[in-house]
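Two complexes follow with chain A in common, the first pairing it with chain B and the second with chain C.
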Partner chain A sequence: MQKLFNIAMLSILLLVAARAPAGIVVIVNNENPVSELSKREIIDLYMGRNLYFSDGKLALRLDHPPTSGEREQFYQTLVKKSVAQMNAYWAKLLFTGRASPPLLMGDSEQLLDTVRNNRNAIGYIDESNLDDSVKVVGRVD
Partner chain B sequence: MSINTRSSLAYQAGLSILLGALLLTLCFSFYFYDRTYREQLQTADQQLQQLFDTVENSAAVAAYLDNDEIALEVARGLSRNDIVSAAMVTSLTGMQASSGTELSMTSPGIKSFALESPFISGDTVGSITMLPNHDLIKASAQTAAWRHVFITSIQSLALVALAIFLVHRNLSAPIKRLAGQLHIIPPGSKERLQCPRNHEHDEIGLLIKDTNRLLTATQNTLDGERRLREYAESLERQFRLIFEKASCGIALVNAHGKILMHNPSLEHMLNITSTQIDIKNATFHSFFADPDQVRTLLERAHHANNPVTKDLQLKPTHDETRWLNSLISKVTDEDGEMIVECILYDISERTAREQQTQFEAERDPLTGLYNRRAGFRKIETALQQAKETSSRCAFILVDLDKFKPINDNYGHDAGDVVLKTVAHRLSSHLRQHDIVIRWGGDEFLIIVEQVNHSARIAEKLLKTLQDDIDLGDGQQASIGASIGISLFPDHGDQIEDLIQRADVAMYQVKESGRNHYAFYATAQA
Partner chain C sequence: MSRTTSSITLICALLLASMPDLSRADTIEQQRFRISGFGTLGAVKSGDEILGFTQGLYQEGVFDGDWSYKSNSNLGLQLDANFNNRFSATFQLVAKERVENGLEESLEWAFLRFRATQSVTLRAGRLGPSNFMLSDYRNIGFAYLWVRPPTEFYNILSFDYIDGMDVAYSTPLGTGTASAKFQVGKTSSTFARSDNRYDVKINPIYLGTLVWENDLWQTQVSAALIEFDSDKYVAGTQQLAELLEGVGGLWPASQSYLDGMESDGRHTRYYSFGIAYTPENWQIQSEMSYIDTNVELYGSLRTGYLSVGRHIGPTTAYVMLAKAERGEDRKTIEPAPAVGPPLQPLLDVLQVNTQYVYDATQVNQQSASLGLRWNILYNLAAKTQWDRTWVEAYGGGFWDQKAIPTEDATIDTFTINLNYVF
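And now, the complex of A and B:
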């Protein structure tokens, strides 16, 4: 009976997920004092303008693999740029040596792991993959 | 006939066109320079905009990230363009990178473009400032303008040259040729201007047509005048011929009798050549036997509307009496002075012939005295005159005493000699206007006005008739006469009565012894 209930719940979730894709949430370590980030703060962090949290700690920015749906959705929603455009952006800045792109993760699981274990890490995941091990500081819609 | 090059039509037209073209070129050049400069400025603006568009992304990133390396590279890249003197990239957060000449925000013509955040639209992160190269723009505008001026000038010069050539070929040259043609055409000749080809329907053709019409008119006028002059000359010749060769004498005489003009015939008639009279100083009437009569006649002609005609006797020369028939009429000369025209015919011969005829009709052929018929008419006239003037006259009848024996003894020729001698003696003892008539064979009737002297006249006649008459061949004839006298109006007022009473008195003398005279006595009747 329990098993049947679980299947039914999953189906409902899948349906919901299919119909209205879950939003992207920006997450930090639970111990990070930052409780909320504005959209501008998220942009400045991810575009390399500002590399520090408000408590002065250097932020460890994490990114999804180039082919992942989250990555594409994140940048498209945040700054209306494609993944390719963002690559070009970073390529342009690469030779100055002043700015570096976020650290690339293997998948969502690795990203979640890194945030859980690193106090200054910051990342983004699909809302459906969220759990209590990380703290949500912003939403990207 | 030549025209100075400077005053030729082509030169003047060319000069005008050239000056006009130069002026227009100058105006257009000024306008064009101004416009080109503005266009260049506008083009520079567009180029700056394009440059900005090119570097906008990089500059925006540089400003967003305060990346002065990228900013400097952008600024350098911009200032490397000819039209940019200086370029500067700034961010709102204080980053600044510039290249090129000194640049301040107050430089004239400076251009600023805002840089938008590459990630957040509408969010300005910095700016690009550029100073356009005005010297270059100006220079390029000038170059364009000068090129335009040069091209326009060349074009204008070419057009001017073309215009001069066309004016010369289509206007000057034909007109010059026509002027040359016209110059050598003598007035009144049959020559006409020839219209050059292709000019038949333009203004030159019109000019030629009108000029030819004028030439024709001139020729006609001159021809007409020549014909008129020739006619006038021939008329004058004919008139002069008539005037000079006319058989009649012609003279124009003014109010004072001065001869203003005359023909040769007049000189001949007035016998001027032989008398050595200067006709210029002589008066017309002085040539005539009765100058007063002629003067009166001239005055009459002056006031009469119709010609006056009269036979006038010339002053006798060498015992020759000449008569002129004169036709005198009034004319007015050009100055308005009244003069008379006299036309004279010599009628001396005719007058002489008429007088001869009259003489022969009235006279007794033997004695030359009035014959009985003519004598009777003379008596009638004389008696009429005496009646009118209440004067008297005497009828003297002379009868020769011893004429019949002479006729019988010596023949009729001797008788004729006696009669002629008697007639001569009677005439020579009487006055011109006394009337002597051969009344019968040896009977003579004499009418005299001097009644008081009639007795003395009778005695004189008796005395002259008593002289011997030479009959020729040494023979003398002695005759006498018996004379009877009657007086008018004492013894009657009828011719027949008076003659009859003179006859009575004469017979009384014959009976009482002849060779005497007697008055008619009333008692005898």
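And now, the complex of A and C:
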């Protein structure tokens, strides 16, 4: 009986582990000389306070669809704001002409493709979708 | 060529220049071309028999506790065009209730932007004024908590744009980012009061703003100097002033009343301070301003508000207190001297009218507001707000006045809004 219980518990734990969201990693093109971004630098880029990499290149900031889990997790973890709250923040910057929000991608695959093909692109993906065609410069968790 | 026609030509030329280059689809540098929009569907119930609610002097009032679907509603479209990493352009057309409502008024932004360095940006064209925290996004209801920027604080700012240029500098400072902006330009607007229309021109405007912000705090200080570019006297008083000039010999005291109505070349100074604090579940914001002018008829004004909001899931409940207070006491116009017929009736009428124009610009009121914002979708919010406003006798200058209120009034304003961005 005890063995059966242990197996059941283990199964539940495995299921829970499989469902737990993996970490979010911030990625850039392999040719980008930037090797690491601090949390502050990631916030500044994704809040539109700074639009440039340290080498002076204008960053092509990429974002996930508004209803995606990655987007919700990214902003909630990074700045403790919901997608709607971030949208309200970006409405202010966009419609006052201060800065444009990150470019919207259709899904993680398109985002990865765009980072691979654009030297100045920056994005974030669920760690489980990561491959070595892009460079990780930060973690958000 | 009229300004409107040249604006349209400029928009068309820039639209053509900014068409996306499809041959470079796989290596995007920046988004070349972006169309976005915002809107508010709103209903407001407000006003009494003599005081009509307005969001700004450019609107006609809502009287008698009627519902208005126009006062708070708007629709905006914006085009952003990136020509390269340094040059871009932004155009914004806003349809909303205004007494003058052509393309000239609806084109709220039309500027070219040049990023000179990573920290210095120059803009030229039609720009948003940056003197208060919300002054350049008052139309975008989705971007702020309340159904409208607090009336006591924002009604004084009855122009939407500046035709001119600005330079902005930003740099990391401490745990946040500091920025400084200097704007110079001119503006004009048509005001509606008591079924009359007044064109007000302001030239020049000088405006300086310092902002520091991080993830939790935003602070702003600003100062502005504006000069009225008008007829000799305050808009709407020209006819009365000419009659007063004509009777100066009979009524010597009228000269000082005339002096108080002069506006051409006179200055107004705005000083303001704002602070916002946004920890995880709270949104707290306050602004204060002092407005001083050497146009005696307008007088000085102290305004301020404090708002505290609490996020509960997708909703935010908030309370707000706001006040606008004239610096000077009410000016009493002395009775006209006894000159007997046939001129006595004329002098008496002039006395009454002079008292009217001095009273009509007085502002003394305060409000307490309760409201709720609900983020229905990531780009759609519903809001409702109840304001109770206490307007002092002779203090209804922020309202469309059918007559001068000689007693204190209490007016409830109910607003329901749907705000969206796309």
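Operating definition for what follows: the second predicted complex is superposed on the first by the 122 of 141 C-alpha atoms of A that agree within 3 Å, B and C clash if a C-alpha of one lies under 4 Å from a C-alpha of the other, contacts with A are read in each partner's own complex, and residues count from 1 in each chain.
In this section, contacts are C-beta pairs under 8 Å (C-beta built on N, C-alpha and C of every residue); 3 or more make two chains touch, one makes a residue touch a chain.
Not measured: the values here are computed from a predicted model.
Enquirer: Mind checking chain B and chain C on superposed chain A, clash or fit?
Expert: clash
Enquirer: In the overlaid three-chain picture, which partner chain does A:48 touch, first (chain B) or second (chain C), both, or neither?
Expert: first
Enquirer: Could you figure out whether chain B or chain C reaches more residues of chain A?
Expert: Of chain B and chain C, the partner in contact with more residues of chain A is C.
Enquirer: Examine A:79 and indicate which partner it touches, taking first as chain B and second as chain C; both and neither are also allowed.
Expert: both
Enquirer: Considering only the touch criterion stated at the top, classify A:96 as touching first (chain B), second (chain C), both, or neither.
Expert: Both chain B and chain C are touched by A:96.
Enquirer: In the superposed view, which residues of chain A touch chain B and also chain C?
Expert: In chain A, positions 40, 43, 47, 49, 79, 89, 92, 96 sit in both the chain B and chain C interfaces.
Enquirer: For the complex, give me every residue of chain C touching chain A.
Expert: The touching residues are 26-31, 34, 36, 38, 76, 78, 80, 85, 90, 92, 109, 111, 113, 118, 123, 127-128, 136-137, 139-140, 142-144, 170, 172, 175, 177, 213, 215, 280, 314, 375, 377-379, 381, 421.
Enquirer: What residues of chain A sit close enough to touch chain C in their complex?
Expert: 40, 43-44, 47, 49-52, 56, 58, 60, 66-67, 79-80, 82-85, 87-89, 91-92, 94-97, 100, 103, 114, 117-118, 120-121
Enquirer: Any idea which chain A residues touch chain B in the complex?
Expert: Chain A residues touching chain B: 40, 43, 47-49, 78-79, 81, 89, 92-93, 96, 98-99.
Enquirer: Considering only the defined contacts, which chain B positions touch chain A in the complex?
Expert: Residue positions touching the partner: 58, 61, 64-65, 67, 69-70, 118-120.
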